[in-house]
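Chain nomenclature is as follows: A, B, C and D, assigned in order of appearance, with residue numbering initiated at 1 for each chain independently.
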């Protein structure tokens, strides 16, 4: 039984193929570039190629992410919060708290042992607490994005940014530069500021170990360290975590498919 | 000049020393958990009932004042973040979040631990959030909650039916205190306390009216804030009454010695609004750079409009308490507030008005933009509007505030056609 | 025959104007990085080479903008609010209201007949409605901010842009793009949103003719048209509108020199 | 007595207006029309910030008074010959360009848009305004109105917060008398007990019809959508009640013939939008994502009390009804505890979860939520908190969170 999870995000589109709800047989990623449907189809082709399957072998397709309704060839769509929680618990069954620092919003979720969302909270007011903040800082400080984290890790006295506006925070950073604050301290300050904002969300839903970080920034070691330092607990950062939402969608797709196959109703009836 | 607990930079004076000692003693008494402690009533500053509860042997805690003490000592943010983790949103009053965060964290303040309440008195005078705040405390502590409903002040003087309503509630409050303490109401004791209050209030009014002098020997906003402590917290005691004698003597001495809040008074201001406590000193410095002195301010009136004649009267105890409660500054309708500010500007010969809006305080702040408009366009008074927060350091942007203040004082300066730009590094 | 310089260090660009005998004789504009003192020096050097003058000819340098304290080689500093007022008055003597939309803030300034500030209002809580807002949203549309000026002309059904947060507005724009909206209509919606925030600031100081529009965003034709339409008034825009702050600063320095002879 | 009032007759015939003269929209609403036509018209009226029904009413020289939410003694205003009209801000169609300057940045949309309407002359049909003390912003707004519309009487109605004092009813009666005196100039006649008793009966009739509508929705959720029932309630604050009551009678009759849809949805209580109202799109979204709203705080004005007996002193009866009301919302000191109140509500409505839908910057709501949450957490009842603003066209964030909430209850 092959189910597919497709996470149609604003920046990139991610997909996974799951066999019998247990084993990931393929993962793929493509930039979205404003064309979610095309990116989704590309990812499907990549997945099929990697798993050596025909796209038709996929029995159930569940979409998630901002463009989850835009993709026509789906059986079901679920919210990316629901999906990333399921995905995080699939990857690490001990996880009870998931924090997702995405490009435009951050979310914290407390989850059950099956990955069901018990409570969640996302930043709504202002985007200062989201990953895009890091991109903008990189641009402003003229540091390539992939060098942000290694440089930040050299920090000894990080300078935390207090402004709640992502744009005005840049002014604060520039002031720090003008005041000769060392670059690593400014960079680490950026990650710590993000971590602190995430921590407010996390405390709001209640923190229980294990805590997992998902979303794009999970690849940044500085982000993981900053979060560990702020939370005062180890953070699970699975290498597959950027695909957590796609994985969760595939997992939910699998359980839905199982339920449907117990009934005589043909699959087409479940299409939305 | 300094504030409760801050290091003195400009050399101590007797009033400041005495004030600091009063603050320390007050917190020390509260923290004294060793012996049998006095029962504690939590109360709000505006239109408070200090004398009544003190006459029943209660000590009083004002969480607003605790909150400002935390903020000025840069200790408010952890409390605020703790409250946000409990679910209080970004836009909730900073005082509320500081207090409820602090309560959850065990009552620790920069001056010592404050005890939990035995009685909650919600003097609902001038701020709706008071009700919400006291409901939360009541749910946490399960102690009796008394809501004193104080009608909003819409006429120059309270109306008879309003006074009757408040007095009826005060009598019900006294009956509650008799039940909770097992003591009977001692009218004589209340009168003695009100006599102390009266003396303190008259001294406080004398101090504030010194701003009429040119140059002003007092700083009616920044300095007054710490001289407010006895009038708001210790009212009803002899210590509060005596404190203002010391202040009197100090003001007289300053005038004699020619010592003023700034070396050369260049701009006389009326200041409206709650101070940005987390950046109190930085904010004050922005004024001093320009030789600006507050000669009158509305914030020192949050505890009572004594200068408008709303003084406690031992011969009319409950009636005068009712009138005093209604006349709390923030309980004044906008029409009354506007007229008061304009009258300060006129009587204290101010050059301009500075309004400091508080992001998380709707009671004080909603409508200050309209006030600004009225002062500029109908009263012809140059007015500057600034915005930050009274508790939350995240909302004080020094560069932005300084920029606005510099621009404002530059333009005031130029309008008087004196060219005196500060030099680089000034 | 006094040559004076004004150096305006903003959040995104450094500008310099040289003034002599009531004329702008040199100017420069360059992006700012992380070394503001050097950026300020470069601004002056570029303006000097633009004018063909020497550093020693300059009698006074006045710094303005949020980085005014980084013009360490200058004699005076003035806030950009005073400078925009003075500069606008210099370019359009009948100016009574100045609207300056810069990289991170927007200001409405009321001036008297002599170009002295009477009142001003600025955006406070965030960068909504500033030049940066436009910058980011242009990016979301796949354009550089310098290209989008004429693009909204001919919009038929401007979209409604309601998000106040620059970063969220970016995603709102992206979602309009994804829904296949005409970029013309999206831009027109953005201009409408920025202008309506600006109007709110203008209301605070009171609108009366003449209105002069300054700052980087005033170079955008679509914005100027939208502002004119919404105000129902003519709006002055000088070809030097990005230099208004620097011009004002230079003039302040001149005034100071005249008041206090060397 | 109601039928007398509806027919335009009045017990104090000497100083009462003659039969209702109807124009424009008023005429349309008084005609029998199919439900969908009524709802379409209602949607237009409710989202039109220029108050067409009020303009129609005032065209023949009658006066209307604008009432800021949440509670105003409309019966009293009606009895002195005024049409009490609920002010609910500007909705999504009013752009704020003047009001920000007067009020400040960190304030709810309804205060800003209501002031914007005043500053742009769209409240010109009103002859007076009442601002109840439901929060500091409403209270302060009165002072700004008094300055910007100096010719129009305004009143800040002090709604008492001490519900235990023996003196509260007497004080509230004095407040009501002051209110009537203040608006007498705008009204047709001074306060008198007879007309008030008649007005109370009219509003009793309106409340009973609205309660009936709510009961129908509870019994057959699929028969009428939340947005539809909300629209019908909203109309009640915009139409003369003499028109609204028969209109609801016609609606109730027609509803019985509507087919009952059934669908798979979670039952939720909607808490928080008591003053500023979410847009119709947002209300629809709740149902679209799979929520069945079984209890809500939308337009709480009608649920303040049931029937008031106007015999005796009707003014005292009105004041007593307010003071003794069991309503427990953010702008009233809690009769018991907030935590207990939310659990009672969830149980009474048999809800599976709670959605807190609060206006941005609405401080009373934001503060209550924490107490509500603690109680819900203890009982493991799921909840979701969303903030909304009037002028918002994009609901992607709201949809994402609502779907997550529904999914968290639907999927194991």
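Quick notes on this one:
One rule holds in what follows: a contact is a pair of C-beta atoms (placed from the backbone, for glycine too) under 8 Å apart; a residue touches a chain by one contact, two chains touch by 3 or more.
Please read all numbers here as calculations on a predicted model, not as lab measurements.
Remark: among chain pairs A-B and B-C, B-C carries the greater number of C-beta contacts. Once the centre of each chain is set as its mean CA position, chain A and chain B turn out to be 47 Å apart. Averaged C-alpha coordinates give centres for chain A and chain D that are 41 Å from one another. Centre-to-centre spacing of chain C and chain D amounts to 46 Å, using the average Cα coordinate of each chain. Of all residues in chain A, those touching 2 or more other chains are 66, 125, 164, 168, 171, listed in ascending order. With touch defined as above, residues shared between interfaces to two or more other chains in chain D number as follows: 100-101, 105-106, 387, 396. For chain C, the set of residues touching two or more other chains reads 66, 121, 124-125, 175, 204. Taken pairwise by the contact criterion, the protein chains are fully connected, each one touching every other. Across the interface of their complex, chain B is touched by residues 63, 66, 69, 71-72, 74-82, 105, 112, 116-122, 124-125, 204, 206, 252, 255-256, 259-260 of chain C. Taken together, the chain A residues at the contact with chain C in this complex read 10, 34, 36, 66-67, 70, 104, 125-128, 130, 132-133, 141-142, 164-168, 170-171, 174, 177-178.
For chain B in complex with chain A, the residues that touch the partner chain are 81, 84-87, 90, 393-395, 397, 399.
Per the touch definition, chain A reaches chain D in the complex via residues 66, 78-82, 105, 114, 116-122, 124, 252, 255. Considering their complex, residues 121, 124-125, 160, 162-163, 172, 175, 196, 199-201, 203-204 of chain C touch chain D.
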